[in-house]
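Next come two complexes, and both contain subunit A; in the first it sits with subunit B, in the second with subunit C.
The block that comes next holds the complex of A and B.
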């Protein structure tokens, strides 16, 4: 999820508030597909990806494209507006109740000594890991990936070299949202439950992980997400579970103050 | 001469209408809505001081509001302090907290500062939620005493209406004075071009901090009023969405105008109150309002075309600037 966020930030050069809602819509699409297809997980992931991809295109049309010539604050405001609208619509569409995700492994697990590991956890981890590798390849090896990186470094120069900047931004954003949708489905499987309001805090965490790891760096986003998870669990162990969410915000502020480029950041993407 | 006379007429008209409302509105519910609308006028105006005049981008205004409300509620319950003492205390508590936020983070630009204000707002809310020994956490604080003046208790909605009207009038008067002074002009200069302002000898950081504290002060006062008006507060009243609602009001009305937040807050409060029965649609209204405003009329209802011209002028400047830096890159 943080990885999807990192692409948006790096490529579009924008902070988005809609990502949480993208995750929610992806998760619900996956959930309904899972119900309809009687537990076909691959189909659910694909549906989540597709739905969020479409949503990403919509977000791009509403929030980014009209405001490219204006300040980034304007686009940020637009994403806030869209985020509120989508979140409330989600409550109307999907109801305010929690939905329980069927577990495809019937809660089976295997034991490693004293540690019990559920198959679902393994599956989620494997998918995430696979996606990371795939994404890394796309970004570094393919033409599309190179276009994305070029645009994220310098839009004008990329345009001068004959790249269709708008198209790259559109695709990058759609891809990022699609990944968000997959992560929504995966999160639903991991926690066994999804909720229309679960997006907001997750988007903040994704953002924190991205900033923490370094804007625009995929490896950084992965490491940032991992470290954030560890810190949060430390906080829960030492204080109380209520303080879990505070940790993310404290880290966010601390990183922004101390080292805005993040741990793996490259210069130039931050503060401009 | 003429615009001045026009604004005097406008102010007079506004004063007469707002003073007369309780005489005609006998319905308690409608009067309550009017009071809430005025509360949001205060909040949106205080946010506008920060966002509209010095160009900081604060999206976590609910945090200051929360601090003001909880400070006064706790002090009122524990020490029985009177409302009139708590009003400034709530304001100063919020202003002090704004120093805590502002000193480390104000040198961040635009969206990064925005993210820290958002984080701040959530930290405040979560702390209130978890610090149960002091704030009773999710249960909230009930039974906050209502204010008293010359032996008279503020009970009815009309009393509270006049109280918040008075606070608003004071805020608008003071703010218009401040904005006309050297301080206010420094804020506008920072908004238009920070580097140029610094070159003209304005201590940018100090004035930004002052601006943030001034805006937070009035949000704290609004919180204090809310605590005694509702007589019950809980962390649920100070979510991020609350801050976003204020942002929507400021944007819809027009940033950087005194009139804008008044219009925006009144309009949106009444509109969302009309749809009260379907609570889920309330936030949709705010979201759509934000989107429509920035697409159709970015300067807001009351915003002038003039602001827009400045914006485009600044853009062309930035474009030429980036072009030069690109040339530098290609040579190095």
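The block that comes next holds the complex of A and C.
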């Protein structure tokens, strides 16, 4: 999820406020697919990806393309508006109740000494890890990935090399949202539950992880997310579970004050 | 910057230069051709195509390459990646590995220094090397016409001379060149013809040799009094 954030930020050059809702829609699509297909997880992940991909295209058409010649803050505010619209529609569409995600491993776990590890956790981790590797390959080896990197570094130069910048932005954003959809489904599996309003806090956490790792850096986002998770769980273990979110946002503030460029961030990256 | 009545013609295998002082509208002219800015009126044709309102990336794909002012290389990509980026505009090239490698080889032949530095990040190169990289990246497209915006900007005179000699070699290889320069003296030395732009209008044009000896050009741009 943080990785999706990072791509959007890098390629579109924009902080988006709609990512949380993209995740929610992906999660619910995955949830219904899971019910309809009687627990076909692969299909659910794929459906979550597809739904969010499409949503990504919509976001692009509504929030980014019309305001390209305007300041970045215009598009930013447009994403806030769209996010509110989508959040409210989600409550109408999916109901305001929390939905319980069936666990494909029937809550089985294996024990490693004193530590219990659920199969679901292993599965989620494996999928995320696999996606990271895949993404890394796409970004560094394919023309699409090169195009994304070119656009993120220098839009003007990319256009002068014959690259369709708008198309790259569209596809990059769609890809990022698609990944958000997958992460939504995975989150649902991890917590066994999804809720139409879970997007906001998720998005803030993803944002924190992204800032922590360094804005626009994909590796950084992965590391940031990982570290954030560790810190949060330490807080839960040492204080109480109520402190989980506090720790996340304390980290955000601390990073912004101490090292705004994050762990892997480049100094003075210009996002224009 | 507003342009008015700018009429430029570039023939095949020519080096044409557009000179003028700071703020005369040189870069604006190029941006207009590449369609990076909106034009209120006028017409631009490239061979038989009307490219006045063509999308920027399509123009590049037709073989009209624009090496922008300030080089605009990708600082966090290696030299070789930067060069490979150059073939985005050319679908034929980017899908044919052999042709791509040939293109790369050709660029390395012209700029041996780039071969030496091919694993280095673009941002770590010196100004002159970055300019060579920008030109090399443009050449990867095997363009018919190459437009260069102030390649001498911020470079030591020795380096500028090197780059201009390379431009002559690039022309020999069959690429037409439209060179935008503030350094009129150097530009007129290698160009066949030239245009002088002043406050958005062409005030003089003709053979480069004649322009170099024109008293108005001399006093205004070459820093010589007569």
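Just so it is clear, the second predicted complex is superposed on the first by the 263 of 272 C-alpha atoms of A that agree within 3 Å, B and C clash if a C-alpha of one lies under 4 Å from a C-alpha of the other, contacts with A are read in each partner's own complex, and residues count from 1 in each chain.
We adopt the following convention: a residue touches a chain if its C-beta (ideal position, glycine included) is under 8 Å from a C-beta of that chain, and two chains touch if they have at least 3 such contacts.
Please read all numbers here as calculations on a predicted model, not as lab measurements.
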Touched partner set for A:200, first subunit B, second subunit C, both or neither: first
Touching partner for A:165 - first (subunit B), second (subunit C), both, neither: second
Per-residue contact with subunit A, leading partner among subunit C and subunit B: B
Subunit B versus subunit C as contact partner of A:97, first or second or both or neither: neither
Partner chain(s) touched by A:89 [first = subunit B, second = subunit C, both, neither]: first
First (subunit B), second (subunit C), both or neither touched by A:80: first
Touching partner for A:149 - first (subunit B), second (subunit C), both, neither: second
Subunit B versus subunit C as contact partner of A:157, first or second or both or neither: both
Footprint overlap on subunit A, comparing subunit B with subunit C: 154, 156-157
Subunit A partner contacts - residues on subunit C that touch it in the complex: 34, 36, 55-58, 60-61, 65-68, 72-77, 81, 84-86, 88-90, 94, 137, 141
Partner subunit A, residues of subunit B touching it in the complex: 57, 59, 104-105, 108-112, 114-116, 118-120, 122-123, 126-127, 129-130, 240-241, 244, 247-248, 251, 280-284, 286-291, 294-295, 298, 311, 315, 322-323, 326, 329
Residue numbers on subunit A that touch subunit C, as the complex places them: 143, 146-147, 149-150, 153-154, 156-165, 266
Subunit A to subunit B touching residues, read off their complex: 15, 62, 66-67, 69-74, 76-78, 80-89, 91-92, 96, 154, 156-157, 200, 204, 207, 211, 240, 242-243, 245-246, 249-250, 252-253, 256-257, 260, 271
